[in-house]
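Dropping the structures in below, format is structure tokens.
Next come two complexes built around chain A: one with chain B, the other with chain C.
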Partner chain A sequence: MSVFTLPQAAKEEALLKELSALVEHHREHCEPYDRILAASGYEPATSVAGLPWLPVRLFKNLELKSIPDDEVFKVLTSSGTTGEVSKIYLDKAAAATQTKQLGATVQSVLGPKRLPMLLVDTKAMLKDRRSFSARGAGVLGMATFGRDHVWALDGEGHVDVDAIREFLAKHGGEPFLIFGFTYMVWLHLYEVALAQGLDLSNGILIHSGGWKKLIDQAVSPDEFRTRLAGVGLTRTHNFYGMVEQIGTIFLEGPSGGSLYCPDFADVVIRDPETWEELPPGKPGLIEVVSTLPTSYPGHVLLTEDLGVVHGIDDGDWPGKRFSVLGRLPRAEARGCSDTYKEAA
Partner chain B sequence: MTELQRLRDAFRTALDLPADAPVDDLRYQDNEKWDSLAHMSLIAAIEDEFGVMIDTDDVINMSSFAEAVRILGKYGVTIDG
Partner chain C sequence: MIRYRFGVEGDLTAPSDDRLAVGDPRVVDFLTKLARKLLAPAVARRHPELGSLGFFLRPAELHRAIARMQHPDALVFPRGNVFHVPPANVDTIFVYSWALSALAGNHNVVRISERSAVAADTILEALNEVLADADPVIARTQRMITYGRDDAVTAALSQWCDLRVIWGGDNAINSIRKQPLRPSARDMTFADRTSWAAISADGWRAASPKARRDAVVGFSNDSYWFDQAACSSPRTVFLVGSETGDVREQFVELLLDVVDQRGWAVDASMAVEKRVNAYELAATGAVSAIDFPANTVTSLSLTAVPQAPRYWIGAGAFPFAEVGSLLDLVPAMNRQDQTFAHFGFQPDELREFALALGGRGVDRIVPLGSALTFGAIWDGYDLPREFTRLTTLAA
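Entry: the complex of A and B
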């Protein structure tokens, strides 16, 4: 079972139809959205790249939802470092859909069975169950795909080598799942595995959260993969996603180096000055599109991240394959892994 | 204890409900205590109680007591009072 099946042409045809319908849906149910589109001279799109986008930052400034107040089931907030947070409103249907599609995406690489799971984080982060951080919510969302969960860090945030050893003694001989934020995996799992000679060869790592801290330490995504393979961890999948498009993640393929778009989502790379779509090989701003946002107009979002499409229909899975290169300079520093700064 | 009673108890324990709380009509999206953290406890409790290993899709779909009864049926556990 996979959600990475559609070649680019077939995907764009399906997405254009569904996303155009979503544009109309949100115009009808979200007044500020309708006004923004009217002000910018909206005309129906003839391509995915022609669909009207909102800057992701707008969710920090405006209450954008397409559901009545009494149907709001969950309000998600992003992790902002300047005090500004995005607010994302879900009704029951949107909440159920995002869980289901995230599940389908992750199962594309993990299969249907839940695997024993090592969480490279601390349980202390879930102490206040009324208000998880974005990091807590991310960890918890991913925990669904695991069983017999073990936390690699203790309550103080120190590596619990005994807990990791015990986990490996029990589950290390069969496939197991490792999840954590990229920086924490590097700092708290890779370095410890190397120093302690831990065998992670049956592990499948899923990680996310931005590369900035690692780039600062001169660790590139390639270097990360190579070094982790050195401690036996050859199956690693980075992913890119944001709370403003909850449930949609762009997942690194088995050969590494590229992120892929699930069937219900895509990316468009835009020139940051002209907003024109850029061809493969040219870096620009990443626009993310997804059919999942039905309760708020987050179906076409221009991010503040720079990225580049490497190729189309020429990789592990069909469609576009791309990389995230970092933040647009001067944009607000934001991202799940940055919250580690406060915890550290 | 019947299978039905065992399942009810698993729900009460995982969701931190009183021992006599009615649970047969519980639904994930309608109950405050049944959040995502409690859901993981619930799955673990049901797996322990009935000795089954529940697949990812079934974890996601187990959105009510009635669904839990149906899903357990797939794993060969018949819940009838």
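Entry: the complex of A and C
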């Protein structure tokens, strides 16, 4: 079973219909969204790239939801770099759909059965419920797709080699799932596996969380893959996703180097000067579209990440394949605004 | 850690035997040479805002400022020690406030932000070049420094000074004010401000194409030099008259053309920033239409005058609102409002507007293109007066 099945033309046809219907749905149920579209002179789109997008940061500043207060089942938050928080409102149906589709996406590479799971993180970071982080949510969300979970780090955040050894002794002979944030995997799992000669050859790694910390250490995505293969971990899948489009992840294909879009989602790379869609090979801002956001108008979002489409219908799976290149720096004004907080 | 950027290094608060007079020739000489450096074509081309600064420091301007310091009923002397805390990012402000204070004969310490931009470095270079053949008293009495989060330095300088000059934002002012001054000293603060532009529809329609273009060139300088974030940069443009759609259309079209010709660009992150703010204003109902004809120019239609945002919404973002007359704007103006840049009005209309405001808002009413032109009267203060003290003498 896979959710990476539709060639681009068929996908766009289906998406355009569903997303156009979502535009109407959200206009009807979310007044601020309707005002934005009215103010920008919205006309029905004839292509996915023509659909009206919202800057993702809008969810940090505004309360945008298309469900009445008494149907709010879950509010997801993500902390931004400047302390602002996105608020994403889910009703029961949206919460169920996002879990189901996230499951279907990871099962495309894991198979239908739950696998024993090694979490490259520490249980301690789940403890404080009030400061429950995006990292915690990510780990917990993914944990449901595994069984017999073992944490690779102890309560102090140090590698628990004994725990890993014990896990491998018990499950290392069959396929198992490894999940963690990219830099945690690199810092804590890769180096220990190398030093201790751990056998990870039956592992399937799913990882995410941005490359900045690794690029700072001069570790490219390619290098990451090659070096992990060097310790036997040949099946690795990076993914790209955000809380503002919860349930939708763009997953790296088996041969690496590209992220793929599930059937219910897509990316559009936009030229930040003309705002038109860019052809493969040209880097620009990443817009993510998904049919999952039904309880809030997050179905077409312009991120502040830069990316590039490498090809269409020419990779491991059908559709667009792309890479994330990094983050757009936040705009800073000159001027006599409050630029002086450090003064005192 | 204190980094000395200008003047003699060492104890900043030590007593000094040096005495400068109001309008001291050694200071005038120094500032004149500085002006010449800043007005050099190579500098002015790279940093047009330094050209304006150079203009402000020409001998004729300096002597005008000195004349303003005189008082018919008193002897005029320097205020004493002045501690300046200019804003981080408007690179030229620190020179204006320091130069006037130096001209008044004060001993000055200027704290230059660690985050100051390129133009500030160019100015400091020029200052140090001029210092080489200036009277040594300048280096001993005029110091510019950079230091990080160090309350101890701020506290010591606050105890040393007779006048502390703090430029906003409001948070910076509040945080610096936690350091007490000596009982006899006081603060001069420049808080967060908002500025506006207004165009008379009748005046616009009657103006020649050249006059219109000149006005838009001036407006674009006012807006784009400091990413529309200087206190004096206009934000909302009020269209005064009726059926002003044609005026707005022509204005925006000219603006696009001028900005394009000047080569002013807006990078991707600024473009996104403007979208975020524009969408937010639309979502809350503050604006009814948003238009992005180019990344450099964002045009918004306010639903009502009081909706005009007083916060920064990006470089080249212009809300528009129509009002029947200038007097209709009076209730919407408040103490936060600083500069009101205008085009196409009769002097009588402007005077009537100023009188109706009655000092409750708006400190400067200037033509488009002069919004950033620093003056000796600023934010309601007569700076030459503030930098001096008066002695009365009855024989």
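As a working rule, the second predicted complex is superposed on the first by the 327 of 344 C-alpha atoms of A that agree within 3 Å, B and C clash if a C-alpha of one lies under 4 Å from a C-alpha of the other, contacts with A are read in each partner's own complex, and residues count from 1 in each chain.
Basically, a contact is a pair of C-beta atoms (placed from the backbone, for glycine too) under 8 Å apart; a residue touches a chain by one contact, two chains touch by 3 or more.
Note that the structure is predicted; figures quoted are calculated from it, not measured.
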For A:L140 in the superposed arrangement: first (chain B), second (chain C), both or neither?
first
According to the contact criterion defined above, which of chain B and chain C contacts more residues of chain A?
C
Counting only touches as set out at the top, which of chain B and chain C does A:P329 meet: first, second, both, neither?
second
Touching A:G197, do we find chain B (first), chain C (second), both, or neither?
neither
Answer with first, second, both or neither: which of chain B and chain C does A:P68 touch in the superposed model?
neither
I'd like to know which partner A:K92 touches here: chain B for first, chain C for second, both or neither.
first
Mind working out whether A:R114 is in touch with chain B, chain C, both or neither, as first, second, both or neither?
first
In the superposed view, which residues of chain A touch chain B and also chain C?
none
Contact set on chain C toward chain A in their complex
85, 87-91, 93, 111, 113-115, 117, 148-149, 151, 154, 167-172, 175-176, 178-179, 190, 192-193, 226-231, 233, 267-273, 275-276, 279-280, 282-285, 287-292, 295, 301, 312, 314-315
Given the complex, residues on chain B that touch chain A span 29, 35-37, 39-40, 44, 47, 53-57, 59-60, 63
What residues on chain A touch chain C, complex-wise?
32-33, 35-36, 38-41, 54-55, 57-58, 61-62, 64, 272-273, 275, 285, 302, 304, 328-331, 333-344
As the complex stands, chain A meets chain B at residues 73, 92, 95-96, 99-100, 103, 106-107, 110, 112-114, 126, 129, 140-141, 143-145, 147, 149
